[in-house]
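Take a look at the structures below.
Same chain, two partners: chain A is paired with chain B first, then with chain C.
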Partner chain A sequence: MAELKLDHVYKIFDGDVTAVSDFNLNIEDEEFIVFVGPSGCGKSTTLRMIAGLEGISDGDFYIDDKRMNDVSPKDRDIAMVFQNYALYPHMNVFDNMAFGLKLRKFPKEDIKKRVEEASDILGLRDLLDRKPKALSGGQRQRVALGRAIVRNPKVFLMDEPLSNLDAKLRVQMRSEIIKLHQQLKTTTVYVTHDQTEAMTMASRIVIMKDGVIQQIGAPREVYTYPENVFVGGFIGSPSMNFLTGQLENDLFKIGERSLKIPEGKLKALRDSGYESGAEIILGIRPEDLHDEQVFLDTMPEAKADVSIDLAELTGSELVLYTKIAEQNIVAIVNPRSNIYQGDQIELGFDLNKAHFFDPATEQRIKG
Partner chain B sequence: MKQQNGKNYWVEILGIFLALIWLSPFYLMVVNSFKTNRDIFEDVLGLPPEAVFANYVQAFHDLDFLNALWNSTFITVSSIVLIIIFSSMAGYALARNKSKLSGALLLIFVSAMLIPFQAVMITLTSFFSSFQMLNQYGLIFMYLGFGCSLAIFLYHGAMTGISITLDEAATIDGASRFQTFWYIIFPLLKPISVTVAILNVIWIWNDYLLPSLVLSSEEATIPINMYYFFGEYTRQWDLALAGLTLAIIPIIIFYFFAQKQIISGVTDGAVK
Partner chain C sequence: MTAHLRELYRTAYAADPAAVDDITVYEWFMDNTQHVFGILKEALPEREKSVLQAFLSPVPPYRLYPEEADHRWYRRLFQTADEMKKSYRFVHFAIKQAVDDYFAMQEALRTLSEAPAAVVWFDDVSGVVVLEGEEGEHVVKADVQAAVEALQVDFLIDMTALLGRVHQPDVFPQHASTDERRLLHSLPRQERVITVPEAATHALFQQAPKPMQQLAASIFTDPVDEELKQTIAVYLTCQMNASSAAKQLHVHRNTLQHRLERYQAATGVDLRSFAEASAAYMTIAAEHRDS
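Presenting the complex of A and B:
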């Protein structure tokens, strides 16, 4: 069990490529932290700095108040699960899991007990004699997890551990990892580029872009209150709609159409110094767009006529693709709505749940 | 389909024919080693009228076989072990530490393959002589030098196929650099180690020129003693062939085991 602290951490490669910039994060004991972001955002590099596989160019990293910058990986009491499993191909499952314990000179009986306990947790009991090549992808990933848990480390580090699995297995393993964390309560840092994984697994999400933290928060928090356009667009699928328009009195104007801004939002805009004529970005989630008559009747000043470019029925929802003033919009509506490609419909905007962003800084206008 | 079968049939016949050509010297050597000199000249292709084991006893004695076998085995095994250990370590280090220096070092090792032994033969022996190293140990050292270029090249190539995450996983598991190499990487290089061993065994076991320049008569290897043997018994083919048969037995035993190792080595190395 451990607390981690990253204090103004930087990673600079070859003297001029900044991979991670001013990274500050306190990870509480038993937390499940997920680093998420697009490729090259620095999430894996940060994880590798925590593991000790990469040096820290500047700043400090602590585990339980002990500075770890110059401590070798084996002395950090961490375990890591890799994307490609990194199982030792010439060793069977037992030896793969026991390797770290053997190096640490654990007594044979203790090693056997720990490996058997871990294999029971992960359902690997019958596979202990098998070599990795004789295992399926899911079983290999379980062995990789087993190798991590036998040592009972302070921290688990997981670098995109589910990326190599097919979609169905990924969902299954995701819930297994969550259950494992609930059972063991070991502080975990998990890296992924999949926002669904981040949303479903994390106690807190760290969203990164170009080596810089964009937002840290609980899944619901980052989904509901994205700090900037990037976070709003990255978290959620389909992603948040962004419409650039103008503030005119209490209206948000997009081309010919106007949407009435609720009082609270308008006050926030005014308080932040946005006056009539100012250009702003409206961010609204697809599920906050409505086609139900009840909504349209309740909010008659926050609706727009649109022509449906594409209607996709996924089963549980109907995804509508349309445009307003040449700006793309995706809406998720009730699958029982009879809307088809080419239809003209009225779409209501639930602006109470929408956010406004500054077009220059792309930061959310909070007021 | 019929044409295809016909084609295979001819390929099979050709294969059998080639195999017979390859095997014929062995047949002649083994069969004639059990004949008297007179029987050999009367019917060189036929089976011996009665097996003469005395040839082997005589050849074994004249060849000082046990001593020569020990010398050959000691020199070959020591050289191979050293080549495999040092070359695999060097290949690992050069592949994992990517820098201009490691690139240059690899180039130097690879370039060394191009230098023929005969070109450095005299200077090498005189250089070793100045260090009192013209003995078995000096010879093993020379073989290490000559053998490691190709071996490092092969190990370096194989290393590129071994994911660096295995090193990282071992590091996280608590392994030192050497432990990572020894417990994780070296076993995965087994197919290359077997290849390196086979390539070098043939060359070192059969080498005549270098040992003849370096070794004293007490340290003589099998090929050197075979040379003296041929000199003495040029006309006594019965003894010479028995000696030759004795000389190849160890290498056949080696290949018998190596073949099993190659197969298990290749399958063990399969990742994913």
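Presenting the complex of A and C:
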């Protein structure tokens, strides 16, 4: 059981590469926190500072109110899981799982008990005598998890543990790790650059870019209320649509088209000082664009004629690709809609679910 | 002398590092006959320890070689080579942080092969694992990678390793080791484990004169950003297989294709040319070397 606190933490390499900047985060006991962001944004570096493998250039890091900056990694009571299969090639599964405990001088009976418990949880009981070479990819990854679990540490740190698995196995292991966390409740920090993984696994997501936290929040919260254009675009697949246009009275104008801005949103814009003529960015999710007649009838002032560049039927959904005033739009509609490439259709914008962003700061306008 | 000490310390005296359960609870010393013995730390007050250290050589924990093979290889690497019958292969390694329990670390390192391998330390943060005969022929890079990651996780350290070549018994071990040990330094930052051919390729480039390296950078890397560089590096390490590179980068194939085109447009480099692609790869890798 552990609470983690990062307080104004910085990592500066070689005196000039700032990999992590002013990182502030309180991780509560039993949380499953996911760091997500594009390559090079500082996820691993932050995790390595938590582990103690990387020094903290500035700021403080605490586990349960104890300052950890100068505590060596092995005294932090953490266990790590990496992306490859971190297994000794010639040790069998039992010895692989037992090694970390032997190293820490656990009594033999205790080691046996812990390894057996962990192997039951992970469904490895019948494989304890096997060598890694005789295991499948998923089984190896499970042993790697087992090596961390047996330690029963305060904190699990996982750096892209699933990225070397194929897509199907990744989905399966994802849910296994979630189940595992529900069972063990160990505070976990999990790093990934896969936003789907972040959305499906996290109790809270930390979205990073260029070493700076962009937003911290529960998956639904960051999905529904992205703080800025980057978060809106990064979280969600297909990505949020961004359309640059002008505020004109109660309308959002994109080229020739205009959409009526709902009362509440308009007030927020006005309260934040955006007047007629101001340039703003509209952010709207693909699923908040509609082709159904019912929607078009109820919101007649929030629709636009578009021509479909491409209509992709994926099975469970129909993905439409179109443009307004040279700006790309992706819409997800009911797969039963009869829409094909080249069609002219009316597309309804559910602006109640949309957001406006400032073009200069790219921050969401909250009012 | 040791007989006296044995009498003095009785049960706190250990005559052989290989015979104790926990090597770390002893202080180890070597007498003038090169015999190594230990005395329980808790039976050894600071003053007595200082006295013993003045008369005997303290043996650091990484110098305790519990296996006969360790001694044999220590002599081959630091003293005189004997006649050898089997081929051998080195895995040189370096760790960033010193560890508490060298004995446990050795035990883990020995499992690089089916039969326990010999381990010799150069100092408290580097050493070599020796795989003899068939054991050496069978080991592959992926095994070393898996073991290095396991060691990193167990000991919470950063570790790098170089998988050496198979040497015939007539090759002088000291020379083979010195050459390969040097190559470990050419490891690019994002890699943990490297083989001799890979390391040699990087070393070749790193040892080119500065103006040559700058010229290469101005062609292959300066015109583009980090993201493009990384994309190219991954694409080339994936043997120019777009699907696996896209998968590894977690981007769509079209995005990858688009980035490859952007790279070629910005640099004028033709990635289909083997010579140009390999120079691009080396230049990018050299930028990412640990300083």
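To be clear about the criterion, the second predicted complex is superposed on the first by the 367 of 367 C-alpha atoms of A that agree within 3 Å, B and C clash if a C-alpha of one lies under 4 Å from a C-alpha of the other, contacts with A are read in each partner's own complex, and residues count from 1 in each chain.
The working rule: a residue touches a chain if its C-beta (ideal position, glycine included) is under 8 Å from a C-beta of that chain, and two chains touch if they have at least 3 such contacts.
Just so we're clear, the structure is a prediction, and the values are computed from it rather than from any experiment.
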Clash or fit, chain B versus chain C on superposed chain A: clash
Chain B versus chain C as contact partner of A:L4, first or second or both or neither: neither
First (chain B), second (chain C), both or neither touched by A:L53: both
Chain B versus chain C as contact partner of A:M299, first or second or both or neither: neither
Between chain B and chain C, more extensive residue contact with chain A: C
Which of chain B and chain C A:G40 touches, first, second, both or neither: second
Which superposed partner A:D14 touches (first chain B, second chain C, both, neither): second
Which superposed partner A:A198 touches (first chain B, second chain C, both, neither): neither
When the two complexes are fitted on chain A, the stretch of chain B hitting chain C, from 92-100, 128-136, 218-226 or 236-244: 92-100
Overlap of chain C and chain B interfaces on chain A (superposed complexes): 51-53, 73-74, 78-80, 82, 84, 86-90, 99-100, 103, 132, 147
Residues on chain B engaged by chain A in the complex (per definition of touch): 163, 165-166, 168-175, 179, 183-184, 187-188, 190, 268-272
Residues of chain C defined as touching chain A within the complex: 22, 96-97, 100-101, 104, 108, 111-114, 143, 145-147, 149-150, 152-158, 226-227, 230, 248-250, 291
Chain C partner contacts - residues on chain A that touch it in the complex: 14, 38-40, 51-53, 72-74, 78-82, 84-91, 96, 99-100, 102-103, 105, 132, 147-148, 163, 193-194
Chain B partner contacts - residues on chain A that touch it in the complex: 51-53, 73-74, 78-80, 82-84, 86-90, 99-100, 103-104, 132-133, 147
